[in-house]
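Please find the structures below.
Both of the next two complexes hold subunit A, though its partner changes from subunit B to subunit C.
And then the complex of A and B:
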């Protein structure tokens, strides 16, 4: 005889604020939701919006930890709501929007603007440096192990968790953060990218780049995609030091 | 292709902070052990003192060597502090942000960094006092002279705080240094990180126990020894003109 346990009542405290409403101010609102088997925070938030308060705002697209839209602070730590099971948490859960990014409303934030600036600033695309583009030319072959390594870093979904988990960037917002450094590491590995070490140094060889990282490892520990951020930042640090040495 | 000369300074600043930190941490590891020779016997501690004054190399003691070593450590200490200062929160707002961040995140490594900031800041002052005394009174190191300093000259409380600060700072620093540069990372960085963290905690515990025991012994000697004929130690085996 299996014992049927009565479901928990989850107390969900949400930090709510609408910056466009002049009369609004940041405040915590509590919702109570009956827990179900296999429930994720994505389901909880939809439950709230459908049955308790349809004005609650939050972002979702894929529901499967792929798009990176639903990043938020869960009990103070950045993570993706859709891949967070309520069964792993206490019955009392606090939700807040990620800091640093532009707040749209409640849990909804605009990471796009920040990420776009970052990508433009770090030029996160292949610099083939061909004088004339030849679309008929076959792409150079790549060692599968290297392709895998690059692919591993390409899995970043720009959810912003590493940015919200980084103490350095909270204090010094001009720091590029793990998301930026990971992208640079990705292009630095890519043999199709013809940028020299010195050009990479120009991008991240300062205190807004890799030398600003204080190794708090918030990024490494909160990344929902388990990217090897700690070791890639260490790799870049060594590369940039070598570049400084040979110049 | 635009190719300006790169600014190498940020790389060197980062490297120098790491390198000075490494040397200072290794120095502290030795320092605490040498000073713990008092736990074995007064005689052994005396011999360690003589060794640093060059007795076993030159047959005579030169306290100037200790002054010189202390000055060298002081310089490294100042360079390290100056470079580390770059990372400190530089306004109340920044302090509040990092404080709230670490409280909210409940993330061990972020909190460890806060300990680095606090212990580092403490050592600006208490570390300087200690280093200056070692530099200016190099011959006043010994089983009785040191005990006298701990008790009668009231350095005990300062040494107690310095011990806690320096041991935590040194081993947390070494741990962070390994991760920062990818030292012995291996194929599974998360496993080596867990091992380094365990090692760091074990070393902090061991060194604090050893350090506190030595400090206890010096305090005991300072309280019980009769200093009426000076603070110099009279060795049973080594007889020297000047001592």
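And then the complex of A and C:
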């Protein structure tokens, strides 16, 4: 626990708007909060709501960097608010909702709808060959290193930061984004999923998929889970090219 | 007026709710999940360390089976658990984990050959069997005889939840997100769904269904510091309570996890200690062996939390502006192990403490973590008193955990209970008695009643401030209904909570008057509900004059089976009551497979039940006779406490294991 110093007064500018209120319009509102030791934006926003404005809307669930609910623009950069320590920021902080997702109110956005569509569209589940499996029997074996590798890609929390940081989606909203491509890479790696390369090609072998990416790679820069998005997109490209040439 | 009809309504989109939904869909019934947040953001995702299932693949799990898992679970519960439920659970856990493996969870696997592990602060070499290579591996957790906790690094809950939600997508389960159930619709002793509020638009919708399942998790957020996600507020338990018909079980049974970080209360997994981490005091001294020479840091959670608190009370805690704490030292595990198997812990330490746990000790203290109590159900998941209402997972008390849950048994319970309850619900929906007989006027009046309550909160003048009541409730629970409890504190807690509840009827939502998305309005109606839940916890704790599992009374240190081998049942029959009604349900000794005994921690103070001795000799005699006759362990178990007939037929088969039943 660090030494006692005189605390900073944080100036928090929040971009606010309530789409349900016909008289409202997007505007910046400033709140002042006294900084405390170990303070995160989760604590800041809750203090504002409890003591300054109880109508301020934002989303936190786990508040531990695990669930991906609290993504927002912090000084213009997409990140998870709950695990952002104020001590790492200037005293003047601007907060805005993540762009591209439907706005619910203030900092609260509807990522669930977007991600559900993505998952349904890319069929992000194991496509097994056998219909009925017998779970009384020993599980299928998997190479330990491969299991670790799949887990590495499975760590995505669908926070939407890569979507907000993506140049391609700004111009082409139908692009599946790094979140979608990472999921495809994850299932392609998984021997339990029996989809063929051709079936994967059908899913992402076009400009809405892996060939749409302009390789600006904002996704990799902002991913709070440090997923290897750049190398996975490159890998999928090579794989899709091979499949295209083969056919 | 918007009414949506379905067969199976599920409130809560975590592991338990999702598993129920996929199960009933497979049986051909319609299912809708109502959830506060996208299912993948549910608190299930925060389960780090693992899922218990007696696969016995890894070297240190050799010899494990359902019997050992059963014994650990019952001892862990301090004999409060329902032993038939525990048997059903341990039998199905291997099936559930194998199902999840097929559905995509990348479980960490056994690597054949030598590896180094830390056991009791010593480096040891473990040689994994050739024939186990590639099967699901396991780590050590507290209170277990074998290494049984299966995992994916320390993101187990996350991987399970993602696989489960993806399965629900495949099965085309309908998910209505940001829809909050605010009351249950009942008529003639049966539950017919819920009135829900759209958290984005404020619209009220009636969901009318043949069955309603509450899978909303625990109630940790009635405490000021909890490892729980902020949505774990006990609203599901409150909904059941407010029907006036459904009952809650053992609400006073609250688990404190030994190692949440200070001050924010975020969990670091039991896997830290399971993998060899140590607890140290202000002098860097490893104190647990002094208290628990046998299990040390890996005693059951309730025990470790109490020992830590005792040690802090002796002045051995580390002083900080947030109060005293102790250290969790995982530096001995090495950077490579931490970065591979404890990466969430590492991220949490970096992000919230600014430290590197491969180099620095982690400040920790016991923190509210799990709710053993919940909606009291039969083994089928159905409320004992309200037909058509089901509950499973942490929200329920069916009762697997008794007065203390073992680490790794929670996520395991969610998926096992989900798959079983889905079958029982489907059986009910297949039967003619499931058809709905409710007049539409009942539904209309349920909607209207909720609308009026919300309007009252928004239009009240000179009322109470929600935050004041809420914060006071949280403090009372923390200070007076904590790890160690006594009559004076509990009585004060109950009295003041009752006062707060009365005041909460007069809450006014200040300034923020929107009928649509409005966090202040949400806070107001939830706080009214949370106060009722807090009262059931505090009052149950006051009345229970013994110490059992996580319920530890300084003034009644002994476990008293003669008087207290029973479940606390609370209900709220009249909405105008300001205190819950309490009754008790006996836990019969005469049918126990494992009669009450000593858990093996500290001094044995148990006051035994008068039937215990007789049951013990019966059990021993049956075991001896059948063993002499050469009976299998299954036959012996069946002679002591048959349970298989309670399971759905598809789950009755014997589990394969390496070297057994193949």
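To be clear about the criterion, the second predicted complex is superposed on the first by the 234 of 247 C-alpha atoms of A that agree within 3 Å, B and C clash if a C-alpha of one lies under 4 Å from a C-alpha of the other, contacts with A are read in each partner's own complex, and residues count from 1 in each chain.
Keep in mind that, in the parts below, a contact is a pair of C-beta atoms (placed from the backbone, for glycine too) under 8 Å apart; a residue touches a chain by one contact, two chains touch by 3 or more.
Quick caveat, the model's predicted, so the values are computed rather than measured.
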Partner with the higher number of touched subunit A residues, subunit C or subunit B: C
Subunit B versus subunit C as contact partner of A:15, first or second or both or neither: neither
Touched partner set for A:170, first subunit B, second subunit C, both or neither: first
First (subunit B), second (subunit C), both or neither touched by A:211: first
Contacts of A:37 with subunit B and subunit C, given as first, second, both or neither: second
First, second, both or neither for A:83, with subunit B first and subunit C second: second
Residues of subunit C that touch subunit A when the two form their complex: 37-38, 40-43, 45-46, 55, 94-99, 101-104, 106-111, 133-137, 152-153, 155, 158-159, 162-163, 165-167, 169-170, 175, 177-178, 200-202, 229-231, 263-264, 266-267, 320-322, 340, 344, 347-348, 351-354, 363, 467, 509-512, 514, 516-520, 523, 653-658, 662
Interfacial residue positions of subunit A with respect to subunit C in the complex: 1, 18, 20-21, 37-38, 40, 49-50, 53-57, 59-69, 83, 85, 87, 104-105, 108, 110-113, 115-116, 119-120, 123-126, 128, 133, 135-144, 147-148, 150-151, 154-155, 157-158, 190, 192-193
For the subunit B and subunit A complex, residues of the former touching the latter: 1, 3-8, 10-15, 86-87, 89, 94, 97-98, 101-102, 104-107, 109-110, 113, 176, 179-182, 185, 189, 193
Touch list for subunit A against partner subunit B, complex: 73, 76-77, 129, 165, 167, 170-172, 196, 198-199, 201-202, 205-207, 209, 211, 213-218, 221-222, 228, 230-231, 234-235, 237-238, 240-241, 243-244, 247
